[in-house]
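Chain naming follows the written order as A, B, C and D, and within any one chain the residues start at number 1.
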Amino acid sequence: MIRIAVIGLGYWGPNLVRNFMDAEGATVAACCDLDPRRLERLCRRFPTIRAETSFDAVLADQAVDAVAIATPVGTHYELAKRALLAGKHVLVEKPLTARVDHAEELIELADKDGRVLMVDHVFVHHPAVAKVKEIVDSGRLGRLWFIDSVRINLGLFQSDVNVVWDLAPHDLSIVDHLVGRLPRSVSAFGAAHVNPDIEDVAYLNLDYGDGLVANFHVNWLSPVKVRSLILGGSEQSLIYNDLDNSEKIKVYNRGVEIGADLESRRKVLVNYRSGDVWSPNLPNEGALARVAADFVASIRGGRRPLTDGQAGWRVVRILDAAQRSIQAAGWRVGLSN
Amino acid sequence: MIRIAVIGLGYWGPNLVRNFMDAEGATVAACCDLDPRRLERLCRRFPTIRAETSFDAVLADQAVDAVAIATPVGTHYELAKRALLAGKHVLVEKPLTARVDHAEELIELADKDGRVLMVDHVFVHHPAVAKVKEIVDSGRLGRLWFIDSVRINLGLFQSDVNVVWDLAPHDLSIVDHLVGRLPRSVSAFGAAHVNPDIEDVAYLNLDYGDGLVANFHVNWLSPVKVRSLILGGSEQSLIYNDLDNSEKIKVYNRGVEIGADLESRRKVLVNYRSGDVWSPNLPNEGALARVAADFVASIRGGRRPLTDGQAGWRVVRILDAAQRSIQAAGWRVGLSN
Amino acid sequence: MIRIAVIGLGYWGPNLVRNFMDAEGATVAACCDLDPRRLERLCRRFPTIRAETSFDAVLADQAVDAVAIATPVGTHYELAKRALLAGKHVLVEKPLTARVDHAEELIELADKDGRVLMVDHVFVHHPAVAKVKEIVDSGRLGRLWFIDSVRINLGLFQSDVNVVWDLAPHDLSIVDHLVGRLPRSVSAFGAAHVNPDIEDVAYLNLDYGDGLVANFHVNWLSPVKVRSLILGGSEQSLIYNDLDNSEKIKVYNRGVEIGADLESRRKVLVNYRSGDVWSPNLPNEGALARVAADFVASIRGGRRPLTDGQAGWRVVRILDAAQRSIQAAGWRVGLSN
Amino acid sequence: MIRIAVIGLGYWGPNLVRNFMDAEGATVAACCDLDPRRLERLCRRFPTIRAETSFDAVLADQAVDAVAIATPVGTHYELAKRALLAGKHVLVEKPLTARVDHAEELIELADKDGRVLMVDHVFVHHPAVAKVKEIVDSGRLGRLWFIDSVRINLGLFQSDVNVVWDLAPHDLSIVDHLVGRLPRSVSAFGAAHVNPDIEDVAYLNLDYGDGLVANFHVNWLSPVKVRSLILGGSEQSLIYNDLDNSEKIKVYNRGVEIGADLESRRKVLVNYRSGDVWSPNLPNEGALARVAADFVASIRGGRRPLTDGQAGWRVVRILDAAQRSIQAAGWRVGLSN
């Protein structure tokens, strides 16, 4: 039985508690938050969980095998580092850290001591994203030409991060999972309205250098919620609309027919192919339950989780480059691999 | 009776013919195209219209008061200039010209001789856009914070222009009409896939310098058609979805409530206001019929049309800046007013 | 060249004119309406068409091979009969006649003289309905269990017929085409609000006697337009949404898995199968153009059109039974074949 | 503190437990089910709740003030009667009973002893239905002309009831709440496919005798889920789409303009008014939490709940009439008030 401590009981922490309580082979031994009322509210529901306001006390407890950190981004590095040094396995909320070098340090620490370091890129564990990955890997779409991601809504403002660090990790982790490599450069543009220091609308543009471009729109000020991802391929295209309850994924057998040689491609009088639409069925499983299961299985099997420290680091690198580009009014920032 | 000659019978020309034939106080006297089969097909439907393959013959005809030019962009300047020099009033398809200085020259020519120069920014004449303009001008939305425009589809490739020059004029003309001024700078990013010389996916970012940012996504490779415009305001927000037949415009009485002073705006713990949605009724009128009517009325009344040469010039300036930015990998291009 | 006269230039007649003008091997020789302004308006567009206010004059014209009748329902029988007696081929707007015996008399007349009698069940010629027919006939859906049809909107009130005779012919002709036989009984319920003598909301229920039931909702008072048809089958199901521009037809590979024998069917603990959704691509062809082409080809080939007099008669029989059921407050009316 | 026992831990019972645990002034003292595994599973989550397999033991417990019955319909009467006789307040799942006389007996019993008898018409407590009720009562819609309700999906088959008794209680209770009186007659038609004894598709038609008709489509075999209610009024109309997360209710300011006197109403050349659409904002509250709160408040205050025994009885009367009509192939069954 893996005994887990959940750190931080704000918005996401209680979800982690519930999912680890339900996970096979695991239990939540302790919870930790600075606010006693949050602890009390949780323990009323789960009387077997020990409440702690001291993180040190959690780390000192030899019966705790692992910690799941759901605190503000700025504290991830410090808490994760102390947990790793105390010999615990660590799951960290996205984004992994606020700085690239911090992510690197955590990876090194975990590797040295053979601990599991996992980042909670929860969407990567979503059955819909797994299906999109399967379709992309099957080659059905052909070469990926463009990715367009929109994640906008009138959302929960954060005091410590801007809309890029708040919303984009979801989409960047999905695209990182699908594409499997870092972009060559990142350009980003953001604007701040409600709080003059914190961007609430932003656009990111990632150039992968081989024809693939990915664009991301993240926005806290939209009147409607949108969560969509378009993958445009040379053969077929796919749309993943996370808010569509019945047809989240649609594959469009509609494309531009072009000859293989450059000469015929130059002839712009292309033929249009128009085809069918196919929407695959998806299993009805919770993504966070799969995160919990993967974390537990990785600890028990001594193996890497699907969203390991490296995945967390790649996303932090893109976020960091985007942030620098925003501060330079869209100046394109290169990413050497 | 204003007698009009329609030049170019490709995709759009026949629509101009139909609408000028139906317009009060006007008629189509002649049509001109290099392809005799197009002329023949049109004249079967409209036997009273004279067919011409020679543009010079059209210009020499003293009975022709005005020409409507629906030829490829690259020819707009030359044809419009000759028409103005021949003393004709001129309506030009969007975009007005392919170069900024050409647009300026046409405006000057028209002004000098008191001729009407109109650009067919057809969406500006759409009842839905007129309603959006009315809502924006009423102040109901508060200050405009962001504009997000998406116009994507598996479209008709053009051999002479890229996706920016093909699709963006629609959205740029709408936003120009709503905002009424040039942005301070433009950044754009494009990618070419089908034809390596012609961008088929592009993103434009316009910074208006006072908190307002506008982003445009234009795309020929999308598997689905999208035509949407979000106006995010400090008080309310609006979505114009041109493909929604029953509720094209929705006004969202949902916003972020923020205090007026800077201090309280810094406190990011904002309250959310959540309100009603309102979708105004729209008259069922064709935009192109209104273009035709405005052109005819401007000629008769000796007044400026709604989408005059200046409006055409502003859009060309943005297109030109976007093109330069694309070639410089997104380098932000300033626009002095 | 088949020479056609179009009778009645109200809402639908001008559409017939346009489509017969464009049809291969046919032309519109004459138009007939009691209202000279309608004739004048049409002839301005089509100066080669002769205008007539006298139906007799049209029939007397030996150069006219066929007439297309687009007048109020109550006049169909009289006009079609006179045209057949004058030796013309006849296309009649739906519904074919207002009385069952009238339909039978027209069929007999046409058969005796070898004239084509066609009813303009326009939706049967729609590419989407042709695709639905193909899917049903392929057996993919299994046995048809239920059909649910909704055709509602704030529509054009008719002075001569109620909502059943106005809207239901569309859906009845589609279902007749798909199912290919008359129902065993019809029950209908209607309510009149705006005009106390004319039903503006109605429901029809058709029992086919072998497990298949079909229900139809027709309504002039709805605030929104709906045009949907659900076909529930023992294996798969299909939805045809005529207002969905991109995915009119969806086939749902989701069904109830049941054992073959009665005993296992009695066990209500059924397993659910959940599968993919498939939306076939449809050609972009006009249904009325296909009506015109089929009428012309039937005349030239001496063959029966797809929607012949018999099809028109079957729909009239159901309408007639529905009307009697409405007057008897829903009393179920049997239809012997 | 009101101490409640929840009887039946199938699909709905655990939801009742959760909501009564969270309700102010109440707690769940005991749970009862014949299946010990269900009890065990629940008690793992809520260790303070006593598990019982004997209903008698629950009734004998003087500390239990009230029981909430979530067992199959066929058992409602017996269990509720015994609970009332044991002096408990009673909440019963919908429909209240399987027979009209049983409902009457329960009402009498509860009245005699001053116990609260409530039926869990959960949708009546939904904030959206409360808003619809408010709009109807405001007179904004004018006179109600028609109600069209659709509740279809590939649902959970029940072994004890057909689709009418399973799904229609939701819609009948909503309409009963809005209209506030019994219809004059009911006609229904059902068809059985999966299990030859149990209807899986049905249509109900209620005639209120003053121009108002209400039609209900309930279906277990549909490939898609639909939950919609149209209220057509003489002034305005309303659509309540329960599956629309952002705009559940839309009020359409579009109607038929008709003169007030009969003569002008006979003139079918009506004018159409076309107006705006308005979608009111809704509070984000759970309906079942409001059921729990209303039950608790009714017990404490000695008052009638919103959905009392009478409301339950009215719905059972309609269900009973519909069932008899189905068995008589749609024969219209009168309901004397």
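The rule is simple: contacts are C-beta pairs under 8 Å (C-beta built on N, C-alpha and C of every residue); 3 or more make two chains touch, one makes a residue touch a chain.
Bear in mind the structure is a predicted one, so any value in this text is a computation, not a measurement.
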Of A-C and A-D, pair with higher C-beta contact tally: A-C
Centroid comparison with subunit B (C-alpha atoms), farthest chain: D
Centroid spacing, where centroids are CA-atom means, of subunit A and subunit D in whole angstrom: 41
Geometric centre distance via CA averages, subunit C-subunit A, whole Å: 53
Shared-contact residues (touching 2 or more other chains) in subunit D: 224, 246, 254
List of subunit D residues in touch with subunit A within their complex: 47-48, 224-225, 243, 245-246
Subunit C contact footprint on subunit D (complex, rising order): 145-146, 148, 152, 154, 157-159, 187, 189, 191, 193-198, 201, 203, 205, 207, 211, 213, 215, 217, 219, 221-224, 230, 232, 234, 236-239, 250, 252, 254-256, 258, 262, 265-266, 268-270, 272, 329-330, 332
List of subunit C residues in touch with subunit A within their complex: 246-247, 253-254, 274-281
